[in-house]
């Protein structure tokens, strides 16, 4: 077990589901000294979840960016993107390193950002998109890491190795059918997330109009059809991805591309033809990837799943923190 | 199949869960002509549920008591008790027969009513408490039927036959531990009914302070300890009831008391020692009752379950309507 | 309300989930006299579900094809396909009309049948594939109706109108991503359907190797990529279907094709851009269809959902029975 | 962070739900060297759960008590009680320390043991009942620790402090109404644990005839009415306990009794009148306790909850291991 110098750490938005998960992980992180946990507004936070009793003994404070800048070295932002859009640049200017879980700084294309995140300013310099397995080097020196959420993380981990190995047919449609647990919608009650509306129910939403589709397309360099669905479980997402291989590419090439991409990546587990299931990844930072190829037709079906609050949110941010501080990528994430 | 003269019927509060169930049942009731379905406020209803397409083809109107009085013979109220407290007496004065699903007129004791339903006036004459199996005669001539909800219905059907047969020990505590699906909390989103808070969770609420405990006690004539719990399912409640039999009373006496009470009652199914489960009653108007007796100690455990939206709400009201109009008690409830 | 002559009816396989639903529907069907309900084996049935108490008062008998032939006019088969493969032809020979819920006689192509249903013989004459909305005339005179199950019903109702109107691009891949409740896997316990394995979980199965994919392709006349998933709910399936429109075809053409196909079809509800959800169809015989078109790209996403035990099983069979006997298509299905 | 000498550890029954949780916890325990993980039979284990990939890299072996004796210092038994009844004494004789999760050695009274665990022999010397918070000293030197399961753990933590402080009325009935997730029933599929039978369902079982009721009574020294229920969730139990206080005892005395009993107990969290919920304890080793007192009547309602696979199984055993080896009680349990 290593011994690390510790960084003074703060969390903004600590009462939401991702924020609670951050507190839980950072409170026992060997290189983090969790100094401040704040709510999402200056009006003060909700009462802390009883689940955190004895996990973290500090007090929850109202949101106060100046205090974050003064008392911490590193800030994790789990606040709505409107708030992150103003807080993150200020913290960077103050010399803090920032790990932002919101979408405010994920899109590079100005027009797309204007459409999907109208509150977001021109990103400050030093911003990187931080999907650790694909952006490892960039994260090491970044000042502000825009951490991708659950849908793009699963989609990009599944598709980028195939695209970069030149295995996908350029004219083949790529369809991403995503099934998400309800915690992905956050902690604020709404009609759509009312228990009686979700239980026993499945529905699609955001067809042809979801900002995560735009984010996936920007990072891939080509468009996809992305349709998310709400399914009646709390944590975890699963994406079923349909694509076409270029002539000549088969199961062996697909397996090789994934092996190459993820050798040494501690949180990507390749399950091959034994397709992964949500149950095996919840409460972990793993993204499990499996696939099947129909060689006569060149069709490939990839299944990717992860816990939206861990690998799709808090765990991802901690993994980026570990990279940025030269720690073992797994620190605090076992 | 009988042919009935039909009554012109209106529903107020048709967009809530109980109200939707009323529309569904009344739209195909052989003796009801569903003329009006209204929301819960004058500001107009939410859009109708897609579930009701082709089930009832009428339009949803804003709440308008004058129109209900003018265009119907019979009104079912599935509105909050504050609204029912004023609408119901006015409709009775106008000569309509009213079936109220709220708690506004359930308590007879003025002090208890003042504590638990501070908006409720002195009840108009012609009010009866309408638990069909136990109040059959009174319902036939009532002008305003206060229909009991899910918790008192299960508790009273389980306990009144034993109490009336003199089988319960006078000094024996009666404990009612109730487990309820989330639809019982209504359709308005809240933190407690947010999917992620209910899924995988069980919690007690209202301990020593639940108005349904007061209602149960008033109808029984003695106090009980009543603790409801929210369990992660949508429809249905189950009550486990713990009591003591007086010396000399055993399993045979309990069975006889239930047989006597419920012979000819089409919606109470006695399951004996094969304890009932929620799964078998959902989407029906049945209340299933089972029990076990430990003769050496005189302890009896009774399990009662029903669908809170049917026997605990809409179906109960329709059953009362059937009684009040001299119809087959099962009309519209198959 | 019509008055019908009644047929003497038997159900084989009455203890499974689809069989119970058949008993429930036929017990109150105005033109059916439910004479016999049998288990799935000669060894005798399990005890009847407590849910059917007071719904049907007959006894469950062991499976006995001779008795079915002797005492009924019409037989509904909800037994495994191995059993149906021998019982159904014998009953047809004996002059009975048969509605088979199994897959034994659904495939027309002998090679496909041999692969997916190796127990199935050459179908007897008088067999028709009975998806009521698309095969209405053939069903009227059939002796043996092979009733399609949940996946092909949703897929064919969604795709056949577009294919027959010539709206689909011939070279466009069609992807069907299906999400199914667990009751579709039947009543026999298995590791995959153990509560703790399904709760909080989603997984794909049968990728590139599902017999319902073959059935869908045969009835469409072209291949599809069909991937079913198990989701943590009991009843209902939802299919998200991805296709490409031929140049020039847009949202208006899609809507027109559906309107043309389903005018007068009482159980297909077109929801347009308000995509349907499982919650609105469970416990009904409806199939709800909605869709969105991205006109620049010609992509169309169709969402179809239904209750697998009703429109995907028992209700479908009853609807076919209604057609075959000249009854109102909705009889017994409200 | 302490540095410990490590013990060589083996797990028998590593493929069940409690066994998987043991592997997960022991694989990262600072004082355990997990050498062997075995299935529940000599015929060899099922394949390991994909959830354990990268969590523990060893192989699963068939059950082999001799190998356990030869290659380990400490054995955790998560096998059925018939197997534990023979394996545990043999391992003790061989000088190993054993932590048994089964019920084989929990009952002290021979007649009760004969009734509920007919396979269990006279316990070897050195057996202790190991509820860490109440039996801390005895565990330190035990050779064989019979670890209590979920129901007795919650009940005893809730009731023993009140009983030992003399706060309970001697003639007052004590009722324990328990609600349990389905993983408590183990990993073997059965009709009762089939997803479609549990989803949307609640049912009681084992009324007046549950061996955990006998265990609770033996450890308390007085009888209780214990009724468990299956509720539709995977992990976690909640017990609602109804008792009477002796005259003069009130809320302050109850609070004081709990404070006294659990000061310094790292895994009992007292929530007072904010009653605990399952959601806050799952995946942790906490038992949360809350209560409400109605002083006029002397009634007390206590709510206790815990994760049946952690504090009710694997975590409990690890906590006992920590005590037995002089480690921090929390080692491996954060």
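As written, the chain order gives the labels A, B, C and D, with residue 1 at the start of each chain.
Here is the rule we go by: a contact is a pair of C-beta atoms (placed from the backbone, for glycine too) under 8 Å apart; a residue touches a chain by one contact, two chains touch by 3 or more.
Worth saying up front: this structure is predicted, and the values here are computed from it rather than measured.
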Message: On the document's contact criterion, could you list the chains that touch chain A and likewise touch chain B?
response: C, D
- request: Could you compare the number of C-beta pairs in contact for A-C with that for A-D and name the larger?
  value: A-C
- request: Farthest from chain A by Cα centre, which chain is it? Let me know.
  value: B
Task: Between chain A and chain C, tell me the centre distance in angstrom, where each centre is the average of that chain's C-alpha atoms.
output: 40
- prompt: Between chain C and chain D, what is the separation of their C-alpha centroids in Å?
  reply: 46
Query: Which whole number of Å gives the spacing of the CA centres of chain A and chain D?
result: 36
- request: Quick one: which residues in chain B touch 2 or more of the other chains?
  value: 197, 199-200, 232-234, 276-277, 279
- request: Spell out the residues on chain D that touch chain B in their complex, using ranges where they run on.
  value: 172-173, 175, 177, 179, 181, 197, 199-205, 207-208, 223, 225, 227, 229, 231-236, 238, 240, 242, 244, 275-279, 282, 292, 294, 297, 299, 301, 303, 305
Query: Which part of chain A faces chain D closely enough to touch in the complex?
result: 1, 28, 30, 49-51, 53-54, 200, 266, 269, 271, 274, 276-277, 279-281, 283-284, 286, 288, 334
- line: The residues of chain A that touch chain B in their complex are 17, 182-183, 187, 189-191, 193-200, 232-234
